[in-house]
Structures are given as C-alpha cells and as structure tokens.
Amino acid sequence: MLIRLGYDIQFDVPAPLAYVAQLRVHPSRTADLREPDQLHVESDGGEVATHEYSDMYGNICTRFYAPRGRLKLWNSTLIEDSGLLDPVARDAREIAPQDLPDEILRYLLASRYCEVDLLSPIAVDLFGHISPGWNRVEAICSWVNSKVTFNYNFARPTKTALDVFTERIGVCRDFQHLAVTFCRCLNIPARYVAGYLGDIGVPVNGPMDFSAWFEAYLDGRWWTFDARHKHPRIGRVLMAVGRDASDVAITTSFGIANLTNFSVISDEVPAETTAGFKS
Amino acid sequence: MLIRLGYDIQFDVPAPLAYVAQLRVHPSRTADLREPDQLHVESDGGEVATHEYSDMYGNICTRFYAPRGRLKLWNSTLIEDSGLLDPVARDAREIAPQDLPDEILRYLLASRYCEVDLLSPIAVDLFGHISPGWNRVEAICSWVNSKVTFNYNFARPTKTALDVFTERIGVCRDFQHLAVTFCRCLNIPARYVAGYLGDIGVPVNGPMDFSAWFEAYLDGRWWTFDARHKHPRIGRVLMAVGRDASDVAITTSFGIANLTNFSVISDEVPAETTAGFKS
Amino acid sequence: MLIRLGYDIQFDVPAPLAYVAQLRVHPSRTADLREPDQLHVESDGGEVATHEYSDMYGNICTRFYAPRGRLKLWNSTLIEDSGLLDPVARDAREIAPQDLPDEILRYLLASRYCEVDLLSPIAVDLFGHISPGWNRVEAICSWVNSKVTFNYNFARPTKTALDVFTERIGVCRDFQHLAVTFCRCLNIPARYVAGYLGDIGVPVNGPMDFSAWFEAYLDGRWWTFDARHKHPRIGRVLMAVGRDASDVAITTSFGIANLTNFSVISDEVPAETTAGFKS
Amino acid sequence: MLIRLGYDIQFDVPAPLAYVAQLRVHPSRTADLREPDQLHVESDGGEVATHEYSDMYGNICTRFYAPRGRLKLWNSTLIEDSGLLDPVARDAREIAPQDLPDEILRYLLASRYCEVDLLSPIAVDLFGHISPGWNRVEAICSWVNSKVTFNYNFARPTKTALDVFTERIGVCRDFQHLAVTFCRCLNIPARYVAGYLGDIGVPVNGPMDFSAWFEAYLDGRWWTFDARHKHPRIGRVLMAVGRDASDVAITTSFGIANLTNFSVISDEVPAETTAGFKS
C-alpha cells in the first residue's frame, strides 16, 4: 500500500526565533520512502537555513532560525506500507529487568509526564495480579481506553499521567502517557510515539492530525500499542519516539509564535496518484 | 591535592534483584584517578557478575543481579584534584538557543522533577529582568539559597521543583532541581550532577554523604553551580549528570531491598596516605 | 436603577437525582427585590417539591429531588440597584488577626481551591513589601489581572489557585481563587462570591453568564473586588459567598445530569418594563 | 471509667502573636467532665486575656494575643467515659443525598486536603461495587489501613488525600484524609475529628499525642471510624470536628512561634486519683 504523507503548518512569527522540529519520518521507516521526505521551511522574511541532527533517542530533528514574518513548514512524501493491521503477538513475554538490553533501561524511568514514582502502587493494585506479557499490556490499554474519555476541550500542555488518572478526560497524548506510565511501573519498558495515523479502514470524523501512540518492549522488540483506539489500525508511520511528549514535540519554538494553520494528510493512494501539499 | 574517595553501602536483599548503580567516577575525571575506581559488589548469597555500560548522558552505569542475602557495594580510590575552588567566570555569556550545540538542547527540556512548563512564567517574573550571563545564574542560586531551608526531615523521593518552590524546604537535591528548572525556563541549559563533595576547607557537621549540585552551560562549556552551598567549594568529584535525579540515582533496584549501611568518604590525604574502605 | 434578573437552566436527567441549587439572591439583597425571587423547578417527569435552607455561610440553598426527564430551573425577578460603580475606599485599613471578629476568621483558612499553605511564601515575596490596606488588595488584583489570561477553553473544575499561578490562564473563577488565596496568605480575610453581573456600562461580547468575584474584609466590612475585570462595575447582585467555588455552586447534582440549556439575564430595565424568562 | 486528660504545650514567641486554639473538649462531651476543662494560657511576657467562641462546626475555639516570651498552654481535666470499645453497627445504612439533613450536606463537599473531585472515579473503581452501608465504610478503612504505611518521618502539613493515595505513607491525619475523601466520593458524609486517644487496652509505643480519626454519617447519626488503627479502641475524647485538618488545628498562630514542648496525657485513672499537668 502507498500512503501519501504531508503537512502544512504555518506560524506568524513576531520576532526572530529558534525552532526545533521533529517532522521527519523516523529512520526505521526511511527504507520505505518512495519520495524524498523533506521538511520545507519557508518564510516571507527571507531564506531559512536548516540543520539536521539525531537526538538521544535517534529521532531526526531539524533546527532553524525563523525570521520575523509568516513561517510555513510543509512536506509531501510517499511511503510504502504493509497495509496490515498493527501486529498482535499474544504470547510475547515480558523481559525481566536484569535481562533487558542496556539501551532499553531508560524506558523504565520516570519522566515529566510519566510519574512512575507516584503511580507505581496504583499500577500494582490494578495490574499486578494479571499474568505478565502481551496480555498485561493489553489490559492496561483496555483499562485506560474504558476509563478515560476523549475530549479535545480538555487538552492542556501540562497534563501528566497522574492528572489523566484523576481527571479521566483528555486527548490521545494523555491516553498514552497514562498507559506508558503503568507499563513502566510494572517494569515493562514503554516509550511514547508520535507519527502519522490516517483513517485507513476506519470511519472518519473531523480533520486529520498527527497522532500519538506508544510502544512496549516485549520479547526483545518494540510493539505498537494504542490506549486511545480500541482496535488495531492500518498505516501508522512513526516520526519520533521518547520517554514522553516533552521529548517528542512536532515543533519547539524558543519564544512566541502564533499558529495560523495546521493541516496534515495521511491517505492511502492508488499507486499512480501523487497529490499532496505543495509549496 | 589527593582525595581519598570511597563508600560502603549495604542492603539486605530478601529476594534476587536487578540493580543499576551509578557509582563510578565520571569519564571526565578518569584521567585524574591515581588508583583504580572499581565498584566492588559482594554478596553472602554468592558471586555477583557485573556489567558496565554508558547511558545516554555518558555516565558509567554498573548492572548486576543481586542474590538473596547481604549485599555490599564498596569502593576505595584516590584522585588528584586541582585543590582549587569552583571556578568563577563573571563575564561568561548565555548562548542563544539557535547557537547551542545540538547535544546541549536536551538540557532545556522539562523532566520529571523539573517542570519547566509550569515554572516558566515564575522564572521570567523573578529573573527575566536580570542581565543574561553568569550573573543571572548566580542570582538564581542566591534566590534559591536564601528562600529554601535545608532540612533532612523534609526529603521525599517524589518532590519536584514546583514542590520546592511552594514548600521552601528540602535537601541538596531539591535546591538543585529548583535552580536547574529556573535556568531552563530562561533558556539556559542546565543539568543535575551527583558526585563526591567532602568538607575540604569548610567546617564539618555530621557524616559525609554524596552530594548534588548542578551545571549551567555558558560560553560554550559547563560550569559548576550549587544552589545549596553559598560559597565556592574545593574537591567536587563528578560521578553522573542528567536532566534530573530520575536520570542520576546512586542505585536503582527493581524490587525491594533494605538499606542497612551507608557511608561515604571524600577526604584530602597527604600524598603518602592511602587508607580507605576495604573489603 | 432596576435590573431584570433571571435564568433558564435545563438538564436531561437520566435517573432520579438529588440537587442542591444556590440560585437565590443573597439575603443581604432581599430588601432590594421588587418582585419575588423564586427558583421555579419544573420537570416533565412530574411535580418537584423544593425545600430551602441556609448553609453555614448564610446562603439560601434549594434542595429537590429531580425525577427522570427534562428538568428546568428558571427565575425572573426585578431588583433595585444603586446604579453606582463598585465602591472604592483607598484608606480602608487591614485589621490585624487578633482584632478580627470571630466569624471572619474562617476566611483566612485554606480551602479546596485556595491553597493558602502552598502559596504563602509566594504571596509574601510578591506583596509582603506593599503597605497594608486597600492598596495591597488592589495590587493583588492588578497582578492577577495582568498575569493571567482569560480563556474559556482552559476552564476545568479541578483547577486550583496554584494551578492558576503556574498556568496563567483561566476563567473568572480562576482569577478570583488566586486573588483570594493571596489575600488570605497575607492575613486579609477574603471570600469567593458568585452572582449576577450584567454588562451595564461596558461593551458586551458574547452571551451573559453568572460571574464570580471576591470580597476582602477591610476596616470592619466586606468590600467588592474583582481580579478578572480591571475596572469597577455597575450592577453586581450577590447570590452566594463561601471559602471558594466548592462552597458556591450554581447547582450540585448527586449523580449524572446533562446540561442542555444555560441562559442568564441581568439587564437594566426602564422602570415600566418587566420582561424576563417565563415558564 | 475515668480518664485524666491534659497537655502541656509550650512555644517561644519572638514577637506578639494572635492565636486560635482548639484545645477544649467538644460540647458533645461536656456533660461527661468531672473537673473543669480549662485552657490555661500563661506567658512570662505578661497576662494573657482569652476569649472563647464557637466556630461554624460547633467547636469551642479559644483566641488570645500572646506577648513576646515563653508561652505555655496547659490543661488537666477528668472525664467519665463508657470504657467501651468504639461502637459497631454492621447494619447501619447509608442515607441517600436527598434524605440527608441540611446541615450534613457540607460533609459531602471537597475541602483543602480532601479532593473529592479528583478522587471520585478512583473511589468508584475501588468501592463502587461494595454494598452500601457500614460494611462499605469499613472496607474503605481496611483498604487505607492496609495500603498506607505509618511513618512519622513522612508527615508534612501540605499533604492531601491524593498525595496519600500516591505516596502511601504518612501519619494518622493522612490516613483519615484519604478515608474521609473516599467516603464523600461515594456520597457518604464524613468528617475529620481530632481528640484525645490514650493507650487504654493496647500496647504502648512512644509518647502520647493527640490523635485524628473520622466520623461517617450512617442511619441518622455520626459513627467513629479510624483508618489508622485496625481495631476498635477505648477512650476517645472528641475535641473538634471539621471538613479536614485545615478546619481542625490544635493551635493556629498568625506569625512565627517555635514549639519547645509538646506533651499530652490521656490515661485511665482509678476513681480516687487526680494527678495531671499543673502550672
């Protein structure tokens, strides 16, 4: 299956401003790209030089210094996807902490929006009795999915997993933060993921957006889980991973900028079609 | 100056347990060692194999799986130190976000105990009007030092920078978390540091311990700051750095263990003396 | 001046439900009423008996048990108002705690949304140096008004004064909670107020609503303050007072009900006009 | 049974200070007193006039203005007690909100240390399925008692029910705050209680202190519950009730004073003995 990916994000920048964007497809999917995946940065204030680097989680970050004026970040690319639903491995086992690879241990720690220290006794009460493995991560997802209500009007940038646990309302990021935290509380490595998630195979409501899901480490590899959506999905394209949303931000600006446009596409296309965002 | 470093940390381990320890001198100080810096892990429950790796901040971490029984972690080493007070560079400048090296950007982000998102308007109110550079970081340290009271009885592992800001009481870790957060709020990269800090040149009260301080990035390098101690000190030996205390833990055990002994030494020694902790 | 007051609040009640409403004009304004102030409770599920009582702050509360069905709470009354702006008394003095009347002391304590214990050092830092009296309460209002941004999209029922202090965004209730807390931190009794506040003398934007303001106790009486609105207003009609919004709720239902209509009027009327909400 | 009650509480008062004390036996126990229950206020800075009033919960409060110097609050009185264990009424029923007396409704609301709004979904998850009545309140007490660890070193004045729920450690006040909150979340009126609780019938460890317990309203009256102590006790003497510890404080001082002595007695005495604290 071919998926057309793209975005058109615009800001009004009142004074020159440093930016870091995580708007590239993740290196793990680079081989699947059928067109270049390029973050175009345009400003009516002049040329913008960009610089790429890899952060400590292996995400591709793009830095630039935006002049005063209208700033536009856009992309249009094409990726090949298996077209399969998220894989399910009911017999995938948890790995004991002493057997985890060194570089996985970081995903057991507390982070800004995942208060492992505060939620551990709660996680043990709720999920400690469930047999370890795939089934337990799925139980966490089901619990979060059934207890938390999705509502765009109750998003806020400072909301943590504990806030989600008490308020029981939020957006996709909030669902994943709570599930990620519960996993870590039980010594299951879990990481927050941002990426493209279109509406392939599901009824649509509302405009497309980027999405957040999470990955749990079982049986020696990362598996996709999503505490927001009850059913497996088709067509996720990973952009960035991290301990939580503070590590994974579409854009970070070091100062004030006003968002004036935000549109994303992630659509299955017949092989011969290539329409997307253009400059 | 030669400094004898060492520790003797003991646990009662009721059931086999995975451990990660950050008990090695930081790679930046390896060249100064005059004796091997080795974490000895001993258990009356049998041999303990250890494995070392470098975490994403460059700290040396030691992993091992402790059997049931009495566990002892000890070390005795000797390091050469300049014997100088913490350096002061009153004209060191802040670096604008767009000019920071890529690998320094992570030290501007929010983390578990440093809620940059929550404390930013407060930091701007308190320190936004102070001229940027060394002087501003020092103003942050002075503010924290004068407003927060040191008290061992008000330590708790879940205390965050915002808690410190409201409760105004805590231990060295708490002072540094608040100062680190204020720095990041003002776009000054700051990182939390754990290490040895003896009583060289200061009056002693109570037993020695490891200490926490912090580093701010000014003029292209990291500088030592300490919001807990008002005056520059002699003889800091860095062990680990990170975004906050959740990245920097003397020991992390994945399960229950009871601390039964905790002693640290960090003493100036005449060149011919070598007494320290022994097995 | 005559002011037409009224409301039409409707709920869909899926199962019989106990309610407490604070929808009557406060006893301190009863003498000004020119028409009966009656909370009409109507349900298509049958007759609803109501019962009134006075809570521990002297507010008139109405209790009833709503049957399943469409519930409508409405009122239309007429009140005489001075037509004057909120009084200003620049030389009103603070009263020392030892000189406060017994029944005023409760308004110095911490409450659900006013964490006096957490915000005291902050209040002292910000306002401790300002000379006591009217001027200091006004300084608190100005600070809150200038630092907090009004935005309906960032309301939530669990938001406390400390949340407002860190998030710097909210609705009228949030502004008052922060100002009330700061007053109490400085030993100035302060209470949260809900009431009618129309648009007399100010440009209108959007539909009318109830409003929250607060009162501070200076020179032996309560004075109106409003951290949300920068300028004195005409036509406030007090409904209920308390330590914070948990004491003062338009309606409290002990179970689930869905709000289907909410409209309020508070309009100056020529003496001969009497139009309002009708059954 | 006769119980000797008393205390000797001393402060060093650096500057004149207003105080409110809740150190009298509650009016519900006045008839049981066999000696006068008098709060003696003595200062080496001069005579101290005291004034008594009843707060909005019916507690006897004593106000005074303490001069600079050593302040001593003491009392010795004798009370007759049934000598019976806390009553148990396994068939006491919950009263639906619509049937509660007006003056009981306040004990369903959120308060400073009892975040009913935040803990409601949690309470419903944990206790919603348990059949209503005595048994459910007891289930709450058992849960809190088994999940929270008592530790004097983890007391702090700002700790709320939610903090107790996450940290799982604290002192008697903390146990009761969490249990009180859970009750209110389930629409069971509950109030926080402070009083004398000696060691009659139990093994002693450590010095005596005042204690906190709570009361739940079932079947038309208040019943004693105690989430801290697993078993019914003998000899509780109620001093003050309120929504939580912010309403019930042994002493509140409006400024700085240093506690220099704190001793309490609450001992069964043979009828002929009367020894207690003396001036």
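Read from first to last, the chains carry the letters A, B, C and D; within each, the first residue is number 1.
Note that in this section a residue touches a chain if its C-beta (ideal position, glycine included) is under 8 Å from a C-beta of that chain, and two chains touch if they have at least 3 such contacts.
Computed from a predicted structure; not experimentally measured.
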Query raised in the report: When A-B is set beside B-C, which has more C-beta pairs in contact?
Result: A-B
Query raised in the report: Where centres are the averaged C-alpha coordinates, which chain has the largest centre distance to subunit A?
Result: D
Query raised in the report: Counting in whole Å, what is the centre-to-centre distance of subunit B and subunit C, each centre being its mean C-alpha position?
Result: 49
Report summary line: Chain centres from averaged Cα atoms put subunit B and subunit D apart, in whole Å, by 42
**Report entry** Averaged-CA centre spacing for the pair subunit B and subunit A, given as whole angstrom
**Finding:** 32
Report task. Indicate the residues of subunit D shared as contacts by at least two other chains. Result -> 115, 118, 158, 166-167
Report summary line: Within the complex, subunit D is touched by subunit A residues 115, 118-119, 121-122, 125, 147, 162, 165-168
Query raised in the report: What does subunit A use to touch subunit C in their complex?
Result: 153-154, 156, 158, 166-167
Query raised in the report: So in the complex, which bits of subunit B are touching subunit A?
Result: 18, 20, 51, 53, 55-56, 61, 63, 65, 96-98, 102-103, 105-106, 108-112, 114-115, 117-118, 157-158, 187, 246-247, 254
